[in-house]
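In what comes next, chain A is part of two complexes: it sits with chain B in the first one and with chain C in the second one.
The block that comes next holds the complex of A and B.
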């Protein structure tokens, strides 16, 4: 097997007596992109850290470029051309783009002086190689997320990378930027640089890589070419169970709609929005990033009040100018970014679960009723299984999927009539995603109306019975999921992209 | 490029200093006399020296509260050692003693920061009291007159100009120390790996570790350099005042930190540079010196300084926001 760049043989690693990697075998070919997928906690990041030398392994050997290692340091890994583009990019916000790109290589070469001019030139060359047009003199803190990613990739190239490991590279960038990234990966491959693409999103895996490896419980359970691999198979390997994807069947009751929106508009974001949502219905709103979907959701919850149009709840006109107004109208909103907008990360799970109910749980003088609190959070949290859940554990200790479940439960606890979910499963692994979908359906069956905002078409198809497509701030299509194929929906979405580019 | 320079903090500070000087000049033409300029230089000297340790720790992502306590400790202890041994060595040796002690005290700070992994702010909050208290507890109390050669250095003039009225204006030699230190630290921060590593740690410590920087070693060197500068500052203060009092200097931290902040340094983002820091010191000196001449009471001066800090930070934030658009 002469074309292997790196081979992991019988690697074992345990932390505090818990086996994280169990007799793992894995290899990457030269100049080829390989995808690594697996649920949270399956050992992906441990494996990445072993390949890049940050963790020592307990047993086994790593062969890189034909050289055997029984012990690999970060410096050795770097000299073998292994580079990691971390999820957080590991860039320095307070220094320029040029210095960010060149610093690691200057440190690796043990240069004591700072060759400012040479640095700028080399950085420009590296950016050119990946076709990125970024001013090298500005600070990294002024860049967009996608630009930061390109800078991180340029930095890896400067280090003479033979293997670039990209840890969930698409989780924070837009549709179009993802396309650019996928193109860059292909160019890197053409230049002989192998890429290990770690991702949750199965369609990207298919688009970008030649080989795919699936990890589960510290082992590689599947390794092979991407041809013949289907979404269903991947999910099966990742979770070890067949996930039934049933569409949501819904019959409209003979009542008036829970939510009715007429001619809603907000300058620069969206205009002339008309739609209604009935009791127990799950309605999707989809469209590309920047089409106004998030802003519309925020308007319905009073975060970005609309400037024209009418909103009716149960047939009564309501004014929603603030979050308090929205909560009074029994509207709940689960934000897109759970880390910064939704959860108190360093507070306990139980406190997070009942934070919206504090007013109900306190006496008239403002004292909290402890006993009632315990009863309430137990009731709230027992609605769905959360792995590794203890009531007093800090929320940040949970995985992304489980955090999202806590966030959902917190809002369900307010017993809303209308629940707005903004990208409910971003950065959540497949197993938890399916749990969350099930939870949403359960809520809808109790009569709560749900609005789901998402750019993930398969998700919309699985969750909703009806969906609107949004484009440039306006609704352009309405679909009944049971009467529309996914190809038709994708067709509309891509037409919108083309329309925008022209 | 030209726009970037015009919008830079340095440029805004220079304009501000110029405007202030003109404003003071219209009220009192003596502001721009050689005598006043020299006196502003003298009073800026100490703040300028102490601004460097603050700046160095700021760019490394921390806030140092112990720099004055270190200087105070060194100032008093060095004098005490010399007097007790009846020793009157050349000023170079005095400085070497001060620097040596500064390195030692800096190591204590580094030890706590590295070993207990506590934020610099908390460590130096503790060591500030530690150093301050140990002067009175172990070294001595009261007032001492410094040995002759130290006093001579304090009085040494770089330039002496007699004006028409026969008044002699003196530019003190201690200004040279400021010039040399600022050039050295500028070289350190811009042209050495170590200096850049300070910025990297201040920008993102985890990323710095991943880049292969030995963070603990860098912290030791940082606190050693900071301690050495504090030592120099302490000795300069002793020479200038010619008498030292236990606990002197302590309490003077805030104007220095204010100057560094006005100079655009920011511990949270690991930002700051030598030139802007010096401009910050000059701005503060121009304000307080000339207000004193105009007999504005010190509480009013503090009030005005507070307004300046708010204005400068607000203007920095606003300019940053503009950039994002």
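The block that comes next holds the complex of A and C.
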């Protein structure tokens, strides 16, 4: 017990009445790397922000180096040697590498003047410690993603870090860079610096850490050594269910495809995209962040019109230059970010449900048909059970999963022929996730074609009957889910990256 | 006036309305208690009803801008442009021997000309915001100077006055004991309420004001909404210009510039939020009455109008802080329940 660097005891935290952390207990040993895994929305980020003092916790205590805290401010956390390398690294793009590395420590030391020479030297030293060869005099905006990450780690080291928290550090970097990162983590451990490694990927977790904790629904459900952890066990702990690999069974009807895309391209984002989607089919498009998948979806919905190529709906060529064009062609799009792009958060649930139907719900001269409005939203919202549902309630009062259901229902209400889902279950709890999957399958069974865009391979496997893999703006593989194992898909995903590296 | 929100519980809405009524009602009672003899006179109410028309019209226009999440600073200047147009028309008919009925037609012409001038100004603002993608605050700040500059140029900074007596008689006259100009306000109130609550435009306007991006993603034509809002603002401002010319018999370049800011005060009291998406005609009318009661109440009590600005400020800040406090308490209650 004595060598705990940090211990969280009975931590509770809620946002807007929703409990995010429920009586959470967690600890990290000195100089050891621990992995934290869990599904999106399980409370990982909240826990990290509590450890770094960014959020106050409602109840419980944190013990750091034997000192008890009932409130923890960001400054206190910093003084205790807790440093976070966020997903976006929080660097200043417009100043040099050296300044970025040293700014925080200068501020922490309360120094007014800027000792330029000393600063550059210390920055160089910090970069050397992690074996990074980066010019300290160039601007951060000129660095690659992986280099930025190294700068962020160097900044943490300069701050005398005892614990470095890395929030999904491998999600945006390439295969080779990941290997370098894993090596750095081991070196940090050797130097007595503990690392909390947040990740989804079991092989990385195994390579890097001694202990692993699994989080689910605001609780740590498993904590222990890494030995004996398998993919199945991990998924079980993460989701609370045995993974049933029940694929979506689909038989292609003898009709022409609902959507046909030929040679579609948009400069700088994607090129030469060809695919088709048949009636009632659920087709996945997967690939890493930045591969062009979101832009492709936005082009199909008229938000980022394509430069070249053709789109056919039911065999007829269509021009999609705006959202209204897309809606006319009976295309619906559930955006990635439900909070800013999807929902009108401070409007009522009922208003959100009918926002796309305004044209149908008003007369030709623009008067609303109130009775029809009420009938419509009741019908729309009663398709699925939504916890905490009151027609009049502001939609922001719902949990992420239920918000997502409202968003999905709002688009289903437009009776589309093609439904495009961009990361439909990001930040959604496990229960709602399976509800949403079920809903998507139900919709597909009524003949609606669905395109699912996601980087979550298990989700693609559960939802789709067919999937395309996208890399660097192009489709590189096509899979029939029932004929491909998840290892094969995983393999292709990493191989694509490798291929690019070499 | 404000329709029950779709499917909502009646109780909650009426609570909100109660909050809006509370302010003018409290003021009313205070003044009533302090000086019932001067306050409760027909003359007093009549003069109040005369005074509040311009602020009321500008406030309603500003309400639409606020609900869309923008602001229109050029409202008073637009009104002055319309007023100038009306003044020129009246001047050109001055000296002609016209019958009463013919003057009536001239007035109708004036209304349409004022409305058209306002709509043109609104189109210009709408073009700047919806097509050139300027920030509404900066765009309308620019057009505010531009419009009043135009009036200055045409009038050489002098006020245009001296219209036929008939016009001012009409503008200051009453029908069934109600000021003629008040009918204009009532008409615009009803129009606004219908637009906001009964029409697709009002619904889409609220969606747009709540979240512009989500509206775009939901197939709402954002630039069309923005355009309509500024045209509507211009239209109401144009009518305001007509109203004050026939009432005070003068048009000049810098008349009523302060109305832009007092209208923000007025609609904020009425629960219209500058961040967009929230607000209704009922609240605005309550806010308007509250402001009018304060300003005339204090002149009745012999405190003069010197205190007016001070008290308007106190009232607005007080109400805002109080509302914030209430909201916090409500939130806390909700959390505690869980």
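FYI, the second predicted complex is superposed on the first by the 254 of 502 C-alpha atoms of A that agree within 3 Å, B and C clash if a C-alpha of one lies under 4 Å from a C-alpha of the other, contacts with A are read in each partner's own complex, and residues count from 1 in each chain.
To be clear about the criterion, a contact is a pair of C-beta atoms (placed from the backbone, for glycine too) under 8 Å apart; a residue touches a chain by one contact, two chains touch by 3 or more.
All of these numbers come straight from a predicted model, not from anything done at the bench.
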Greater chain A contact set [chain C / chain B]: C
Partner chain in contact with A:217 - chain B first, chain C second, else both or neither: neither
Partner chain(s) touched by A:484 [first = chain B, second = chain C, both, neither]: neither
Touching partner for A:91 - first (chain B), second (chain C), both, neither: first
First (chain B), second (chain C), both or neither touched by A:121: neither
Which of chain B and chain C A:186 touches, first, second, both or neither: neither
First, second, both or neither for A:106, with chain B first and chain C second: first
Touching both chain C and chain B, counted on chain A across the two superposed complexes: none
Parts of chain A lying in touch with chain C, wherever the complex brings them together: 14, 16-17, 19, 303, 323-324, 326-327, 333, 335, 340-348, 350-351, 355-356, 358-359, 361-362, 366-368, 370, 373-374, 377-378, 391-392, 410
Residues of chain B that touch chain A when the two form their complex: 4, 59, 190-193, 196, 199-200, 202-204, 206-208, 210-213, 269-271, 323-324
In the complex with chain B, residue positions of chain A that touch it: 54, 74-75, 78, 84, 86, 90-95, 99, 103-104, 106-108, 111-114, 137, 141-142
Interface residues, chain C side, partner chain A - complex: 3, 5-9, 12, 198-201, 203-204, 206-207, 210-211, 213-221, 277-278, 334-335, 337-338
